[in-house]
Amino acid sequence: MTASTPTLQVAPMPTVAEIRKDFPILQQEVHGHPLVYLDSTASSQKPVQVIEAMDEYYRTIHANVHRGVHTLSEAATTAYEDARLKVARFINAPSTKEIIFTRNTTEGLNLVAYSWGRANLKPGDEVLITEMEHHSNIVPWQLICEITGATLRYVPITPRGELDYDALSQLLNEKTKVFAFTAMSNVLGTINPVAELVARAHAVGAIAVVDGAQSVPHLKTDVQALDADFLAFSSHKMLGPTGIGVLYGRKEILQAMPPFLGGGDMIREVKLSGSSWNDLPYKFEAGTPAIAEAVGLSVAIDYLNQVGMDWITEHERQITAYAWEQLQQIEGLRILGPDPERRGGLLSFIFGDIHPHDIASILDMQGVAVRAGHHCAQPIHDHYGISASTRASFYIYNSLDEVDRLVAALHQAKDIFSF
Amino acid sequence: MDDFYRENILDHYRYPRHKGHLEDPDIHYHDVNPFCGDEITLELKVEDDRIVEAAFDGKGCAISQASASMLTEELVGMTLEEVRQLNKDYIIDLLGIPIGPVRLKCALLPLKVLKAGVWGLEEWPE
Amino acid sequence: MTASTPTLQVAPMPTVAEIRKDFPILQQEVHGHPLVYLDSTASSQKPVQVIEAMDEYYRTIHANVHRGVHTLSEAATTAYEDARLKVARFINAPSTKEIIFTRNTTEGLNLVAYSWGRANLKPGDEVLITEMEHHSNIVPWQLICEITGATLRYVPITPRGELDYDALSQLLNEKTKVFAFTAMSNVLGTINPVAELVARAHAVGAIAVVDGAQSVPHLKTDVQALDADFLAFSSHKMLGPTGIGVLYGRKEILQAMPPFLGGGDMIREVKLSGSSWNDLPYKFEAGTPAIAEAVGLSVAIDYLNQVGMDWITEHERQITAYAWEQLQQIEGLRILGPDPERRGGLLSFIFGDIHPHDIASILDMQGVAVRAGHHCAQPIHDHYGISASTRASFYIYNSLDEVDRLVAALHQAKDIFSF
Amino acid sequence: MDDFYRENILDHYRYPRHKGHLEDPDIHYHDVNPFCGDEITLELKVEDDRIVEAAFDGKGCAISQASASMLTEELVGMTLEEVRQLNKDYIIDLLGIPIGPVRLKCALLPLKVLKAGVWGLEEWPE
């Protein structure tokens, strides 16, 4: 697959202009204006290398994996398992057996809650999450606590949008069996100190489940350095295709867990009287997996590696700092969450009493794509006494000019709604 | 731009008709748009299967609030059977703007609340 | 997306040669021979229309769905929901609310077992499946029976590879709460009388869950005529992409069921104290769905419709009858399952005591791709006292010539292993 | 073709060495390949951490059975520590054929059973 080599190899330091050439979708106009895509926190765009690799996969090597001995099936299996190795290296997992392909972050977190939770939680036990979680890291725990009789507790957040560490010290105790938290809030942008939170969980004997949906695409991730027990993330937020995500799990814990979904590939032997389970990671992958999507994700990781995760983080830091400065100056606009130094590349805000939907629609008429709503995080919004916010988020392909376009469009919104 | 935030939409948003509450409503229903959290409460007084008073309350975007305001204006005098016939296109005509599937959910929330309250139909109008 | 119009429109009756032009993967050579792909039961190949539609989706309209009000998100939502409508029409479902997108058949069956099963099964209840099921329609029921205390029973199969209807009459009774069965066996090729089996299930008050993985790609399907309560199938077996499948469910039943996976999109309101659920079908779709894959599946359905399901069924019937004749004549070869008139387009066989893996490898060296193993259906193989079989399967793009290539390759295998 | 089903592979398949069972084996282990159902049982007699007798039984394809036959031939005289070191490449060399990831699982099943039986390593050799 020659398509898997990004064109950036020659340039020692990528420029945004070069990167943008790889993203066909960004070349278009929306309502007569060049598209400004500021919604990568919801889903990122894909470079042509990723699109072409999947295309190529379907044109040359598709077959079902693992159980076929013909050439295509061997090739598809190799491609699928190479993707697993690529993912393992990307997050520095010790073994490919610890990399489970899921549909998305949400499925990964549900897998942990259902499988680990059902086997390990009982009345009297506590599950600790935080008030800044995405619904994907709230609802599965609500469901499993209802099933098992365990109690769900929430770490509150401070007015600045960070975890309340005093409260955390109280809430995380010997009753806590699992502490699940996001590495980066998709509303506040807050970057949590993952390694420290994991260590705290381990100190009371709890396992640590990290929602990496927003961190893995933007920050260099090393599961061994973080010492996380589980880390879930989504391909579609990190330049990869939809339909695939990853759950990293510590081998010893995965081995001890009962399976989640039952079916093909995850079994060792099926008898009418009962079944036994396949080795890791297959035990947790039931049925035909997302093969082409694994190939796409693998090439997305190549792309991220080639640009460099450090470059990406620094690039986003610069845009975010600039955007923060500019938005701060708009009268009536209030940014949610911490200062630019302690946040990732997104800014959620409220703007006078213009409803976020109306802001987003008006921005869209000027070609600026932002997200409006509760961003699947109602508890944070409840915390601030609002029902929705507007969010602009930045990634590898965004430029400072685009921030200016955002600011100009916001002024327009103000004009329309100034009454 | 002009298309979407037409003067009459902004006008209904700014000066919503029938906003508030009724004393002893015969029908009272509340719901949210799960995709964004917007809320609408609708209250009706009904005599002989005919709506004689209507009021709404809620929070949300200009589209959902204007839609509620415009809809309540039309409701007074309508029979419950007529309410059952109201569909998506009715609301699109009322608003008079082109609208995609996501914003359409905003526009339809008041009608959804109405049909759930009157007829127990818990679905987005089609 | 102009790519969504197959090139067949002009031809009143498609020919295999024309169809093959749409499948780039079939143009290749394997080990120096033109590829003969006889493994569509495991996974089908994709026409260029499907590949290009997904390509186009990523190049022009990708964004996350449902919660974005900007142009791309509206367009992606439209594309995703149009796919749902396409699927609903394809199986004649009364409403799009009854179409849930899953990863594959396996996930659909697990969803029913976990969600419906956990809410409705208790000790003393019985779940009835058959001995000809794929592991995907066995293991989830084994797991849920263990959780709920219900008892799992199996309808045996006759020596001819059909359901034992006398036994069925005994086994299906007022204790039976769910009867789950495949519409077509992926090993025996047996086509079960779905409507009749559903009626029998309903007669004792059980719900009927149909595994449509092998039937939907090959036979015209009408869920209303079948009166099925659930029907699960996979996109990758019906010319569509990997990473997406469908669960059809009867609205009243889906409405009464608790959710399965928790997270974004499936909720109505999330409060710290608990959550409420979104309307159908979203209640059962947690997290970012397989959007590009839905677009691909939608175009695959266009393709199937354009060729015509009746044409496909008849085409496969002819190839299967011919292959049956040819294979019957090979000494030492025994075909599993019923006569050609009562089966779909696949033939599983054993060939002397040559191991199926070895047969498949030798065939592969001659460019012929077949599957070898237990095909994720160990109980059937146990039934015949074998551990594996070799399977050749046919689809829209296969020709009679290819059957001849298969036969020639089998003779080769015999030569190599004749000792 | 010749590549894959070389004469020596077919020879080991036809006339497997060390096929059968031992009396009172010190180590006895059985496992299956979950992807296809092939089975291998391995029995060893061990003296002073050194293998003195080896036998296998099983059913499966030419590759898994030839691999078992070739492996048991090599085992006699080997120390348990040497067994621990055996890896995927060792088997590929032994078979002397090019092999893809799926058939590789067939080839590695005997080694997997060996390492599980001797060292409790329940994983596919890497």
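A, B, C and D are the chain letters, set down in written order, and residue numbers restart from 1 in every chain.
Simple rule for what comes next: contacts are C-beta pairs under 8 Å (C-beta built on N, C-alpha and C of every residue); 3 or more make two chains touch, one makes a residue touch a chain.
The shown structure was predicted, so the numbers you read here are calculated from the model rather than taken from an experiment.
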item	value
Centre-to-centre distance between chain C and chain B (centres being mean Cα positions), rounded to whole Å	43
Distance from chain D to chain C - Cα centre to Cα centre, in angstrom	36
Euclidean distance of C-alpha centroids - chain A vs chain C, Å	30
Residue numbers of chain D (touch at least two other chains)	35-37, 103
Multi-chain contact residues (two or more partners), chain C	67-69, 71, 73, 265, 267, 269, 357, 361, 372-373, 378
Chain contact graph, described as a line, ring, star, complete graph or other shape	other
Pairs of chains, among all present, that meet the touch criterion	A-B, A-C, A-D, B-C, C-D
Touching residues on chain B, where the partner in the complex is chain C	32, 34-37, 100-103, 122-124
Chain C contact footprint on chain D (complex, rising order)	1, 4-5, 10, 14, 35-39, 59-64, 103, 106
Complex interface listing, chain A residues touching chain C	24-25, 28, 30-31, 35, 37, 39, 42-43, 45-46, 48, 50-51, 54-55, 58-64, 67-73, 103-107, 109-110, 113, 131, 134-136, 138-140, 142-143, 154, 234, 236, 241-245, 259, 261-267, 269-272, 274-275, 286-293, 357, 360-361, 363-364, 368-373, 375-376, 378-379, 382
Chain D contact footprint on chain A (complex, rising order)	66-69, 71, 73-75, 77-78, 81, 97, 265, 267-269, 278-279, 282
Partner chain D, residues of chain C touching it in the complex	355-358, 361-362, 365-366, 372-374, 378, 381, 387-388, 412, 416-417, 419
